[in-house]
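For reference, the structure discussed in these notes is given below.
A, B, C and D are the chain letters, set down in written order, and residue numbers restart from 1 in every chain.
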Amino acid sequence: MDRFIGHGLTCIRGERLVFSGLGFTLESGGALVLTGPNGSGKSSLLRLMAGLLAPAAGTLTWNGEAVASDREAHGGRLHYVGHLDAVKPVLSVMENVAFWANLRPGGGPAAAEAALAVFGIEHLAGVPGRFLSAGQRRRVNLARILAAPAPLWLLDEPTTALDRAAVATLEAAIASHRQAGGMVAAATHTPLSLGSAQTLDLGAFETEVAA
Amino acid sequence: MENLSQLLEMGGYARFVWPSFGLTLAVLVGLLVVSRRALKGAEAELAALQSAIPGRLQPADTADEA
Amino acid sequence: MDRFLSLVGRDLHLAQRHGFDSLLVVVFFIIAVVLFPFGVGPEPNILARIAAGVIWVAALLASMLSLERLFQTDYEDGSLELLLLAPLPLELVVLAKVAAHWLTTGLPLIVAAPLLAVLLNMNGAGFAVLVAALALGTPTLSLVGAVGAGLVLGSRRGGVLLSLLVLPLFIPVLVFGVGAVDGAIGGFAFRSPLLILGGMLLAALALCPWASGAALRQALG
Amino acid sequence: MHRFANPTRFMRLSAALLPWTAGAALALIAAGLYLGLFGSPADYQQGESVRIMYVHVPSAWMAMFCYTFMAGASAVGLIWKHPLADLAAKATAPVGACFTLLALITGSLWGKPMWGTWWEWDARMTSVLVLFFLYLGYIALINAFDDPTRGLKAAAILALVGFANVPIIKFSVDWWNTLHQPASVFKAGGPSIDPSMLAPLLLMGVGFTVYFLWVLMLRLRTEIVAAKVRALRLRQVRSGAPATPSGATPLGAKG
């Protein structure tokens, strides 16, 4: 049973205080949906959770241990899907996914192949990234997170450019990830149906401008 | 008078000594003027903004830490 | 170690798929050196006198030109975020990228240098030392350059800015690189400048990945 | 915790100190100039041209001092994340660059009658020239980003990397210089310096330092006021109030 807890988090981007005093608790099997208007800090919170951004105040702990104390370990237990798909135009779909899978424990070519199949892009395995549509690139990026296991998924607008069927596939993937004891935090403004998810409205933590 | 011309001549080195002192003073005064003007400009902008924004007189950013 | 090698391999693979664009750097290096005889005249004595300096300065400029792309493409397509989150130290990621960069740009420069030394009528005694000095010096350039390349990510005018940041820091490598070659040609000690170049490489190996990692973190933070 | 670093204390302190530093700087520099021009003898070798020393040497001191100060402030900013330290480093850079430029130009004006050339590739002048490039790089980097805090952080790292390099550059320039010019015509200052020459030199040195503090406070106040202006503009944008026409302001990175 893993526990990922954020406490009293404050985020400053540039000179703007994005949010302050924010807390959350995620446990194995749990899901956290981030909502709020543009600029309320959904992406910032996900980057904070990933460790890409350091909180200006507050702590993030994984099973009681501060995330900041061991960045590599934290990186190893999470998958982050940001706004950019990290698909290299000159590498084939398979090479793209396999590279990221190989960097992590438990990932490999076989897992990469299975992940492509889940998102219905196995027929594109040999196609270089530059020929892909936006939706296909997004599916390659999502296949990446299936290709190596990690307990925590951080998804920033994962449904961008996806069609109905692909969204359903993603929902199913998230459901089975949670069933296996994984946890998910996702920012989205299109409805993504995640059973029994907590919702965190970042609009509530919006604060006055800081100098 | 003789002293003054002697001073100005600088033992024949006038064209090296006086530019050195002159340039140093010019740069230091110039830097000071530019810095002061920037400060006055910023302060004027802040004052204009504060009067343009209705409501609180004292902006939140000068308040003490939370 | 496997992951380190797979990172190096990926960058080499990418370079190869791009048709070894990086070899253009070597072409730049050669053209830059070839310009000098047109500038200073074709007299063999003069060319021989300045050969080491010209080759080193051109090598400095060539490796600086290629540095801009070191992190830029990964930064633009989101790969850099994922590399930061990979379960291995960021310093190793930087080191892997620098290694790949050196293999695709520094190494070809070393190969081309003796050819240019011939064109510039350099004394034969300097050839071996020139190659040795470049072999010790160009990795230092790549390492120091990686710090600058990390710092300018996301700035306006990355390329010009990078040269302004990095070239002054390249001066020690230039001084001792040329010193070694001139020493060998003039018949005095060339060991100590080579040793100093080696020492600078070790210091750069220890410090630059760390500084470059800090630069990347703040670029993505 | 300096997360919401509160500049009010600095603003109050600097407002109180400004007139004093201004007065002290003016008095010290005036006294130094008087002694340097009237109250000190000419050098038996260099004649009256030695008076250039009273502006050249303090400028060179300040060039080094400002860089050290900038690197120290950057380290404080990086380690303790104190925003005032970052701003202090930023405010120092142009002052240091001015002193470095003065050291170079007055050195050149001194070199012409002494060495017969405007520019001698001697070790000291060359390393000061490189120092000038380091300042230029720092200033260029800090201004190269749309988000001001991003520039501050990048430049702080650069200041430290540059500072670590200063001794290496100095060492390599010395080495290079001894290789290329075994004997210099000019032996700096002589073994000992007469008290009548030391007094104006020290007065100018202290005067320049106080002047630096004066300008630093002015520039730091400017930075803080500018940050407040940006914060107000940001609030204006967010609350949808009508914007005042003057000057566009860069916004922080999007959330």
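By our rule, a contact is a pair of C-beta atoms (placed from the backbone, for glycine too) under 8 Å apart; a residue touches a chain by one contact, two chains touch by 3 or more.
All values reported here derive from a predicted model rather than from experimental measurement.
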Intersection of contact partners for chain A and chain B: D
Identity of the chain that, by mean CA position, is farthest from chain D: A
Pair sharing more residue contacts (C-beta pairs) when C-D is set against B-D: B-D
Separation of chain C from chain D, taking each centre as the mean of its C-alpha atoms, in whole Å: 31
Averaged-CA centre spacing for the pair chain C and chain B, given as whole angstrom: 42
Where chain B and chain D are represented by their mean Cα positions, the distance between them in whole Å: 14
Separation of chain A from chain C, taking each centre as the mean of its C-alpha atoms, in whole Å: 37
Residues of chain D engaged with two or more neighbouring chains: 1, 3-4, 150, 228, 231-232, 235
Sequence positions of chain B contacting 2 or more other chains: 59, 61-62, 66
Contacts with 2+ other chains: residues of chain C: 221
For the chain B and chain D complex, residues of the former touching the latter: 7, 10-13, 16-17, 19-21, 23-24, 27-28, 31-32, 35-36, 38-39, 42-43, 45-46, 48-50, 52-54, 59, 61-62, 64-66
Chain C-touching residues of chain D, taken from the complex the two chains share: 78, 130, 133-134, 136-137, 140-141, 144-146, 150-151, 153-154, 157-158, 160-162, 164-165, 168-169, 171-173, 175-176, 179
Chain C residues touching chain D - in the complex, by the definition given at the top: 147, 151-152, 154-157, 161, 164-165, 167-169, 171-172, 175-176, 179, 182, 200, 207, 211, 214-215, 218-219, 221
Footprint of chain D on chain A - complex, ascending: 10-16, 18, 39-44, 56-57, 208-211
Of all residues in chain D, those that touch chain A in their complex: 1, 3-4, 7, 147-150, 227-228, 230-232, 234-235, 238, 251-255
